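Everything below concerns the one structure shown next.
Going by the order they are written in, the chains are A, B, C, D, E, F, G, H, I, J, K and L; count residues from 1 in each one.
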Amino acid sequence: MVKKIIMKRILVIHGPNLNLLGTREPGIYGTVTLSKINSALKKLSKTLRCHTSFLQTNHEGEIVDAIGKSKGKYDGIIINPAAFTHTSVAIRDAILAAGLPAIEVHLSNIHSREEFRHKSLISAAAQGVIMGFGPKSYELGLMALLDIIA
Amino acid sequence: MVKKIIMKRILVIHGPNLNLLGTREPGIYGTVTLSKINSALKKLSKTLRCHTSFLQTNHEGEIVDAIGKSKGKYDGIIINPAAFTHTSVAIRDAILAAGLPAIEVHLSNIHSREEFRHKSLISAAAQGVIMGFGPKSYELGLMALLDIIA
Amino acid sequence: MVKKIIMKRILVIHGPNLNLLGTREPGIYGTVTLSKINSALKKLSKTLRCHTSFLQTNHEGEIVDAIGKSKGKYDGIIINPAAFTHTSVAIRDAILAAGLPAIEVHLSNIHSREEFRHKSLISAAAQGVIMGFGPKSYELGLMALLDIIA
Amino acid sequence: MVKKIIMKRILVIHGPNLNLLGTREPGIYGTVTLSKINSALKKLSKTLRCHTSFLQTNHEGEIVDAIGKSKGKYDGIIINPAAFTHTSVAIRDAILAAGLPAIEVHLSNIHSREEFRHKSLISAAAQGVIMGFGPKSYELGLMALLDIIA
Amino acid sequence: MVKKIIMKRILVIHGPNLNLLGTREPGIYGTVTLSKINSALKKLSKTLRCHTSFLQTNHEGEIVDAIGKSKGKYDGIIINPAAFTHTSVAIRDAILAAGLPAIEVHLSNIHSREEFRHKSLISAAAQGVIMGFGPKSYELGLMALLDIIA
Amino acid sequence: MVKKIIMKRILVIHGPNLNLLGTREPGIYGTVTLSKINSALKKLSKTLRCHTSFLQTNHEGEIVDAIGKSKGKYDGIIINPAAFTHTSVAIRDAILAAGLPAIEVHLSNIHSREEFRHKSLISAAAQGVIMGFGPKSYELGLMALLDIIA
Amino acid sequence: MVKKIIMKRILVIHGPNLNLLGTREPGIYGTVTLSKINSALKKLSKTLRCHTSFLQTNHEGEIVDAIGKSKGKYDGIIINPAAFTHTSVAIRDAILAAGLPAIEVHLSNIHSREEFRHKSLISAAAQGVIMGFGPKSYELGLMALLDIIA
Amino acid sequence: MVKKIIMKRILVIHGPNLNLLGTREPGIYGTVTLSKINSALKKLSKTLRCHTSFLQTNHEGEIVDAIGKSKGKYDGIIINPAAFTHTSVAIRDAILAAGLPAIEVHLSNIHSREEFRHKSLISAAAQGVIMGFGPKSYELGLMALLDIIA
Amino acid sequence: MVKKIIMKRILVIHGPNLNLLGTREPGIYGTVTLSKINSALKKLSKTLRCHTSFLQTNHEGEIVDAIGKSKGKYDGIIINPAAFTHTSVAIRDAILAAGLPAIEVHLSNIHSREEFRHKSLISAAAQGVIMGFGPKSYELGLMALLDIIA
Amino acid sequence: MVKKIIMKRILVIHGPNLNLLGTREPGIYGTVTLSKINSALKKLSKTLRCHTSFLQTNHEGEIVDAIGKSKGKYDGIIINPAAFTHTSVAIRDAILAAGLPAIEVHLSNIHSREEFRHKSLISAAAQGVIMGFGPKSYELGLMALLDIIA
Amino acid sequence: MVKKIIMKRILVIHGPNLNLLGTREPGIYGTVTLSKINSALKKLSKTLRCHTSFLQTNHEGEIVDAIGKSKGKYDGIIINPAAFTHTSVAIRDAILAAGLPAIEVHLSNIHSREEFRHKSLISAAAQGVIMGFGPKSYELGLMALLDIIA
Amino acid sequence: MVKKIIMKRILVIHGPNLNLLGTREPGIYGTVTLSKINSALKKLSKTLRCHTSFLQTNHEGEIVDAIGKSKGKYDGIIINPAAFTHTSVAIRDAILAAGLPAIEVHLSNIHSREEFRHKSLISAAAQGVIMGFGPKSYELGLMALLDIIA
């Protein structure tokens, strides 16, 4: 009981097109589905004794809404902004506004891809960045985030 | 009565993360909440004998929707595009399509901030721009807009 | 009957502000309304013996949603990304993820307009591009798409 | 007889290296030869009741000469400027000088190729642009052009 | 009497070529003369109970001189830097050196004009910016400035 | 008498450092002094039956002043903006405001010099540009200007 | 007789599309035809006691050929490179190789046109540049050239 | 015994100035010393049953040497290139040549620092990137690397 | 006899203005004439037992023509594109289309010259590049080419 | 007497806003006033047996005037161009025209400030540059200048 | 004795190729050898009562090593980074890490040389910069440094 | 004997990672080892009657050292700067300082690789450049170099 009260609450945000994981360009993104990634994170949360909630959306506005409401409800954010990485000032501002520690994660290494994917608008607002490890990027992000919050 | 009929109708649009005003990075955005800004504008509308409606949303699409429907319903628009200032061609196009006079306002002076915030995609579609006066930017915008419409 | 079964299904996507066609800056976009364009496409579909569905939205996320669900439901996509042409990596990624042939169309010739409209983020993900023929751009796109699918 | 008089006359211009089609980098340009493309266009011209003339040359000056003499002799131009797309202001100026509607076509989608091929000097002078459909690009161009002239 | 003592003193600076207002490119700058603008500002000053002084000069050095001497003599500055907007680091530095609140105003919306006019060297040193409202820009600037000083 | 009345009046403006001609970097600017250039122009004026006035100044503001007062007093302007060629938006605006035909002249060919001298802010406001002929540039400018005015 | 021997021989080169003068975009290039320009130059040559030869071609190579053979045959070159102004390093090199004085002329002021026309590859190889005076640009060029040769 | 044989061997490389950790700009890099970081990694290696070797050097060449000899001696590399992140093509090439999985780590988030630190020449050659977690970045890197090797 | 049959056939292409070698800017290009270069190459061909053909032209189109016809007639190409190095996409495409090994050679070191000469459009299509050795560049190119073909 | 004749005469120029030293942004420029700097220089001049004259002005033209008249009157120049560092080609040209050795000095290190202050238009015309030592920069400049003149 | 204890210790670092001074491009770097420069500095140190140590190396790493160990051993650094000026972030970081006052000196004025030499990566980390005075640059640097330390 | 005395001495420098040749990315660099390349060069040296010494190092400083000592010891340099091609101003300066003819060679054609590899900092200091011929690049370099020295 007492434990539950002090369990950290983490919001995991998956950006646009990540709902298609597993079938989407598997050469780049791998064959693991999003629900498998979430299950693995759930399992790791148990081990690390934290609580994770998930949001996948293709709507920038819903991500901004969610981050805007996160203060007080969550202790930290893990976000894979996907395509919004390169185009969304609104998400950057939302993270700064929320004031919660946020970790930016990517399945692929964005620096081995097209030039326009090398620049992230989100990174400067995030606590740290982890990329290139496939689904493992999220798990490392969770460990890193709990370490920061602790 | 007769007066009511000729009262100008103004649509005030607040862009992403402005719902968080008051708590969001107060060093940049101040401590006044959005509802306080709206109340002050309401009050000023009475003095200036116009009608103001308000929209705050984190969804670019909803702003485009609202501007798209504004023709005939409103006589002018005051918009603080916030983060969309730097990324939304859709809002720029919506303003051009609506053909109503629009005033772009900002609480902060975007030229004293990060380089990427210096460029506005909206300005060229707006009648005029007012920035750097905190909530007062909106009030000046309202006076300017009524002056243009008159 | 048997024919119906093999009729190709095409998703036609109209981006932001295209709902305003006919009244929106007629010097650039002409006076034909969107419903007239859709009717003409419907009529052409009959001739070409395919089935067309339509989506107009000002929300980038809804376009990404629709493309994400298109695999299996459609055989190809015609998209006029409008303002999102220049700002949406998410739509580009959605097209790549869907793996369906997609044709990018524009009513106007974007190269005769402002500098920032010359660059399309979508083109590299599309099979082909058709622009500058007004509503006819869509019809040519439909013919081209059926040719690719066949 | 009377029909012949009103048949539209179209000049089709093939730029440098297009004489090598069929053997030239077939991964990009396909295996169809230029004479096959011209035959198909001839055939389509009959259906559409117009007259097409053809020019293939590796000399920028010959293209400029031909366009310069086109006024009065032709009703419209279809041009695949090939390599000159990215380097010829003279062809751009020739099109503007001729004052005839011109359609720019490309076999491949130039936006999926090297960065320096993304920019066309010709597009702003053309009525419209069609690219990415192989030989079909020319046929769509012919249909579009007749539609404009009509 | 007592009131006079606490009346705010405002320095209004008009940059190069603004002496020609009324005859200079009226399509961009309107037909109101500078003396009319000053009279209107004088009148508004009475209403707002402040004192305004005026300087028009085509010499950058005289503007720098005036700002350099403004501390102690004035409570705030309204400046339309005109052509110096884009070229004068000296005026920017003068404003920073004076330490008085300064408002940058423009008659036209500089973002609807040539590319080189979009960048202001002055904005980052100003408290706020108002542009696009013709002579009204000054009046809004005066109201904004008094609000800041108060 | 009657002739005098219709003699065109031309204002010749020499920009900064041109007072030093003859001794200043003779490898670039030659050994002819400014007074010799003016004498030659005076002589040519007689032949061409026009009246020339001269201004040499190192002060941008004085050039702007002079151009601002030129309307009605002069029929055209010849200006060698020297160093201000590359830095003065104020002179550009003054020429546009005056509405008189203006010819930009340079002693040297600015395109054979340092990169930063290749770009002129003045050219777009001038009727024409003549450079590279030493003092002869002015004489050609006078002939060209009278031709335009006539 | 003796005079003939010392008459200077000038090669006048007209670049691409200048054969269309008079009908080509008269708003920019005026209504005077190329043969009228040449006649006027012929007439002026008589007055100035020099001999002028003319070449108009749309082929860059022919211009390079002509300049390559000019040494010994001519005393100077007047060239309106037209579209090649912005794209031809070969003409630039030809002028440098020939070692004859060359004057670059333009009918229009290229700095009042599209951005890409502001940069001349030819200017740095020319003795001087004259632009913006319509057909008069050539006549001034001839006078300047003879002055240099003398 | 048998275990030892299959223990993964990891080379940890610390780039220039990292020997000064603890005293060097603690606001950015924290107060933990490099030997503390190495001890913590040693300890974690035991838990994860791998072997870690360490190299700190201010010499780019020694890093290239070490990576060049790593093939066969190590199973993977963790590298904090520090200042070389932005300047060393040689280290990038060394990683590509070695063909071992390499993880780039940074103590600070390089995207929250000076513009020139945002670009990494190393990232495209690395398997993944982890930054912003202080000494924890290394530990996450070790876990990620073992996961990749496994 | 039998030997002749297997002698490699090499096409040597000299770009624009190279016909002027010997007299053209000897400080940069030396005093050797083109025919001397060709003779030396002929002589070397005998030693190396290959056959060389020569083309010098100032017409980009003739180079493209020649390369287009080279397949089957030649085993390799040596090209000094001269001024076309920096402007011809058509020659680049011709080399790619021909599919023969091609060596780009330059008499001078283009990197010690003007900035705009540093970038070659041809290099990426060539097998290799040799520059800076005067006429010797061609001879080295011939040796290199035969080595590749062998 | 004899000494006077050979005493070097140095002109010290202080650019815009330097009259405000001591009160102007003391965090950047320190608290020493300009008259104190001049006194210290005077004192040092005595030690070094040279004569120093001083000019402070906010007018670019006055600096150009002064440098233009310096030849013969002075043996060298020390200039702190302040804001004109980044905008004045006229001062650069004046220094080149005067032909006297000139030393550029700055109180602050311009490379630790805003990006636009990193580039000096004056440096290339100066003999040397000294910055970052507060008032000491002038003294070092005087020593350096006398060393050069000697 | 007591004096010795309070004598300031200065580390003088000479970057790559400076060992070749005297013979290396004397037109740019003069004919004085490095040992002469060091002797002169030694002599000046005596006068100024400080102690100077010298390091010349072509290895970036050795400079970083030396600066890393300088804290406590030295009171300040004079560095001529030579070629490393434009390429070494490691030296910049080393100076920041050491926390000692450092003066950047150059023999030549880097702004009168090639474009790529105008940008220094070191300057922002240095206290001040002195360039263009040949060996005297070091002596001025020593005086400046002692002034700062004092 | 006498011959030995006049044998030219050549220093061959192999830059970073070239020690790994044969195993390093064979798709780009081939399968020949460095020792094989050196043997082949040794053999060729005998034929050409010159003496070659070899240096391979991953340390930029050692290359600078070696070039610095080369004057008098060697008659010319062949250098494959590898990764240092794009980052080392120090090697560029060393070559300029040594004053020996130097040939830059590359195994691969750097223009067919990543964008950042297209720019060489070394080329402008080299006599000539040879690239794209694998190990043969060195042999051609040796022939070219001896030709220059002779």
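Here is the rule we use: contacts are C-beta pairs under 8 Å (C-beta built on N, C-alpha and C of every residue); 3 or more make two chains touch, one makes a residue touch a chain.
Every value quoted in this text rests on a predicted model; they were computed, and no experiment measured them.
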Mind listing the chains that sit against chain E and also against chain H?
none
Figure out the least number of contact steps between chain C and chain H, where 1 means they touch directly.
2
Give the pair among B-E, J-K or H-L whose set of contact pairs overlaps with that of G-I by over half, matching residues by number.
H-L
Could you put a whole-Å number on the gap between the CA centroids of chain D and chain J?
64
Could you put a whole-Å number on the gap between the CA centroids of chain A and chain B?
32
For chain J, which residues are shared contacts with two or more other chains?
59-62, 87
Chains touch one another in the pairs A-B, A-C, A-H, B-C, B-E, C-D, D-G, D-I, E-F, E-J, F-G, F-J, G-I, H-K, H-L, I-L, J-K, K-L
Give every residue of chain D touching chain G within the complex, in rising order.
59-62, 64-65, 68, 71, 87-90, 92-94, 96-98, 121
Seen from chain E, its contact residues with chain F in the complex are 15-17, 19-20, 23-25, 57-62, 82-87, 116-117
Which of the residues in chain G come into contact with chain F in the complex?
109, 111-112, 118-120, 123-124, 126-133, 136-137, 140, 143-144, 147-148
